[in-house]
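Chain lettering (A, B, C and D) follows the sequence in which the chains are written, and residue indices restart at 1 in each chain.
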Amino acid sequence: MAESIQEINLNNDSPTRDNILITSVDQLVNWTRRSSVWPMTFGLACCAIEMMATGASHYDIDRFGSGPFRATPRQADLMIVAGTVSHKMAPRVKRLFDQMPEPKYVMAMGACTVCGGPYIKHGYHVLKGVDRLIPVDVYVPGCPPRPEALLEGLFRIQDKMKRERVLDRERIGLRPKLLVE
Amino acid sequence: MNAPHIPKAFAASDVRSEEMLLNMGPQHPSTHGVFRVVIRTDGEIVIDSESHVGYLHRCFEKHCESVSFLQSVLYTDRLDYLTSMGNNLAFSLGVERLFTDLVIPERAEHIRVICAELNRIASHLLAIGTYGMDIGAITPFLYCFRDREKILSIFESICGQRLNYNYVRPGGVAYDIDDSMIAAIKDFCKYFRPKAQEYDDLLSNNDIFVRRTANVGVLSKELALSYGVTGPCLRGSGVKRDLRRDLPYSIYSRFDFEIPVGTGERGTLGDCYDRYMVRVREMIESLRIVEQAVSQIPDGPFKTDQIKGKLRPPKGESFIRVENSRGELGFYIISDGKDVAYRVKCRAPSFHNISLLTDISRGAMIADMVAIIGSLDIVMGEVDR
Amino acid sequence: MTPDKVHEILKAKHAQAVSAFDPNPKHPSIKIAPEFWRVVAKTLRDDCGLDYLVSLTAVDRAAELEAIYTLEVMDGARCPIHVRVLVPRDNPLIATVEDIWRTADWHEREAWDLMGITFVGHHNLVRILCAEDWEGHPLRKDYKSPDTYHGIKNNVT
Amino acid sequence: MMTPYTLVDWVLGDGAGWIARFIGAVLVWAVPITGFVSFVGLLSIWLERKISAHIQCRLGPMEVGYHGALQTVADGVKLLAKEDLVPADADRFLFAFAPILAFAGTVVGFAVVPFGPGLIVADLDIGIFYLAAVGSLEAIGVIAAGWASNNKWSLFGSVRAATQVVSYEIPMGLAFVTIAALAGTLSMSGIVDQQQGWIANWFLFRNPFTWIAFIIYYIAALAECKRAPFDLPEAESELVSGFHTEYSGMRFAIFFLAEYAQMYVVSAVAVVLFLGGWYSGIAPLDAAVGTGVAGKLVGAGIIVTKSFLLVCVQMWLRWTLPRIRLDQMLYLCMKILMPFGMLTLVGSTMWEYYFPTPEIAKVGGGWTGNTVMTGVVVAIIGTLSLIVYVRSVIRSTPSLRAASNP
């Protein structure tokens, strides 16, 4: 990740990029972004139950400001792909991702979205990893991951947000690449 | 010259708004997963609807033909992921049925029953909670999750997983349970009984909730039978059918419990409220079974020693059904003597239960549509397999 | 309704339809010739009272495809009876029973989707589980899953 | 308009010309009001999240500031910095205009909401009427939003909003008229003035019918604010997010702010009409602070506190009750609230005619026979309804009761 930051600085030699005003604004905006990551209610399978448990009383993701699970992609910052993505579902996932406003983040929750999980070999109808479809920021393995793991994934997303620049609307360099074979 | 326009007598039925096609799902907050239903509406009234499933088709039956019997248990977890214990149990019983002289130890049978019933409570808790959320009450959902968390922590101590347990296996269970776990289960029984009252106060006796669910989505007995509906949905229509009583498997014949059926107490027999109420009452009955099983659990081995090495059931076919929390979960297993099944067919209760949505939602409102889908309590992992 | 009784009734009404009977108490099954399946199904429901189609299992038996209908009485004795209908693999046609047991609708769609058995007379025989433009019938033993689907690599080794 | 109560007059004196008055009003009012609306929004969103969390055995926001105090600030700035999406087929002008309309409709309501004695933007003679009129402006914003989004769910939400807000104007108006008939004025500060003295002088306690009027008003206010159990226009489990499904970033934030600001407006109006406005209900205390700067500050504190208490009640209801259905919503309005509203109006005026409140009690305060009678009637009605409720609960689910007590 350190490389990609340098990449940004090298690629942009504009004198206004790193001045004191912009960097202060960066800090403020990044603080607000990481303090209020609103996930989208996007449950696909088993992992969705653990995602709900993370939002519920015992684990309470709302403590970190991520409580409001938005039903519509337009108001969400984070797409937690929770569960197996099948080939039939894949176009919808892509579409929902496209509907989200920038800056947007994707968390692949669970083995199925990371790589196909237990369905990798014989699952003819299962997408082998959601990163073939949409760029994934953080991978949370597990089948399903515990709520603590999901919270940890959220913290990693927050770490990522710390390094962003307000001027990079498209998140140059930080936007992960699609897996293309 | 044109004939003068003569206004017709006005009748309310002449007023027609334009029909609209509304696509609900596969990503919608209250379709319980990736279920999609296309609704043809006239204003708020549902004229017709068409269900589309398959967005979570994970090729369960192909996997059973490709991996060994013991590995298949793992995939049964992910069918109805809210009742993994019941799925494990059904598959294990199906495999055991292929053998002619397999004896399952008493202790294992008791552990199976305890786990299956605790899981039924957990599953019904989630069903009730999400149902409340569909109707618009968010707080009961969190109360249900709070109590469900207690069951999950028991399961976690038993088998190390919170959701997909892979615990009940052909020949017994994976690990033994010790006294601390039994104490935890007893504690939970004590804790949970008064909590059921809380759900009553928040939902069952809430006037708005009753008005939203009573007389909505009435599922007649005949329709239920012809669609092969089972579980709480069928019992909500007043049919007293429960495989734990009617076709006892494992050791269910030894326990004393009631089978709650819908009575139409707040509306019509077979409405959403009845289906909801059956679930609430079943939790208490499951609790009774757990208490009985925990109090009489014997010592002994937790798995049979007749299975050594690879699990190779003899050639043959078997069909088994168990009463899962959503209805009768069946497995048709065909073995050709190898350690991999020749064919496994899963008869999923949700698959039947959701197929009648078109019939019972006709004429309802959009808000009712949500209530009906919620009351059928589907799990897409099981519908799509 | 015991399996023997069902067998008796079917023998009496459709003698040539029943080609085999296995009274195994754990797994009773009756084999029906496919051309008679629809009339037999009506008899099974009306005369034998088997009003509950528990399940429809499609099996690939190499040269033939088999549809196993598991039937039961919803109220009363609980003993599922398995009715087997075997059709040739290259021309798998079975009459639909969706109007006899309404739950057969989705089950037949599933059997067509995954195994490729065509149910003649079904009102809407389209794919139910796989995507609409999916090719092949995945549960057949000779099925090869596609290498790519809509440009996304599918097979991972 | 020339009552000495408005702050501009107080600052400038009565003799100022209209230009001076206009500039003064902008400086003295527009800026603080906008600030106050933002403050109300931020505070009530934070309150909502904390209250809901504590109702649900959770903690709520904890990490952003002390007990999440900066949570809404973070949310707001984040929403401002988000990409501003307009759907491809949306009506771009309406789409951009709708949130402004909704927000403006709410903010102009603040013009007649008093923040304390004399702390009122415009003490209109037709205060309540004005409020009822501009209250519907927000609904137009919502309808425009649903239409402009070109989304079927949004359209459903906006049509529901139109149905709901228009219907509930009527019972709300009936409650207004009940109080106006008692007070003999439509001016907000005029109404508050009649409630000074002891707590018995609050219009809530004036006669038994004002209790009903208060309940009707509060239910109608919930519906106007689109709060649960009347959150049909944005019913999350039915309509995804209703009218603001397609809104993102800042525009969604404006809708959000407008909703919470409106919650405050309706609560403040309830306080003005029924709960004594800026009077504490303790006659010597009000007399002690007077009407000077101290009186204004204490009065402002009282009225804001009372309003926020009612806002909290709205939140409490939201996190407890399920949502009602569209037909039930209309049933409640047309067949229950409206007849009872009529009854309230007639009953209240008749009561006032036959048992007029003595002038001495109106001014000086005190417990009169009328107050006692009101108390007795309310107590009887309350006890009866409690008995009916308890009986219905006990009868409702006997089997479960038996099952849970083995």
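Throughout what follows, a contact is a pair of C-beta atoms (placed from the backbone, for glycine too) under 8 Å apart; a residue touches a chain by one contact, two chains touch by 3 or more.
Model, not experiment: these values are computed from the prediction.
Relative to the whole-protein C-alpha centroid, the nearest chain centroid is that of B. The mean-CA centres of chain B and chain C are about 24 angstrom from one another, to the nearest whole unit. Annotation: 39 Å between the Cα-based centres of chain A and chain D.
Averaged C-alpha coordinates put the centre of chain A at 45 Å from the centre of chain C. Chain A and chain B have centres, each the mean of its CA atoms, that are 32 Å apart. In chain C, the residues that touch at least two other chains are 129-131, 138. Under the contact definition stated at the top, the residues of chain A that touch 2 or more other chains are 56-57, 71, 86, 88, 121, 124-125. The residues of chain D that reach two or more other chains are 56-58, 236, 240, listed in rising order.
Which chains touch which is summed up as A-B, A-C, A-D, B-C, B-D. Within the complex formed with chain B, the chain D residues making contact are 52, 55-58, 152-153, 156, 228-229, 231-232, 235-240, 319-328, 393, 396-397, 399-400, 403-404, 406.
By the touch criterion stated above, chain A contacts chain C in their complex at residues 86-88, 90-91, 115-116, 120-121, 124-125, 127-128, 132-133, 181.
Chain B contributes residues 53-54, 57, 59, 61-62, 65, 97, 225-228, 239, 241, 243, 246-247, 316-319, 321, 328, 330, 332, 334, 342-343, 345, 347, 351-352, 355-356, 384-385 to its touches with chain C in the complex.
Residue ranges of chain D in contact with chain A, taken from their complex: 49, 53, 56-64, 68, 70-71, 73-78, 81-85, 236, 240-241, 244-249, 252. The part of chain C that touches chain B in the complex is made up of residues 26-27, 51-55, 57-60, 68, 70, 74-75, 78, 80, 82, 101-103, 105-106, 114, 127-131, 138-139.
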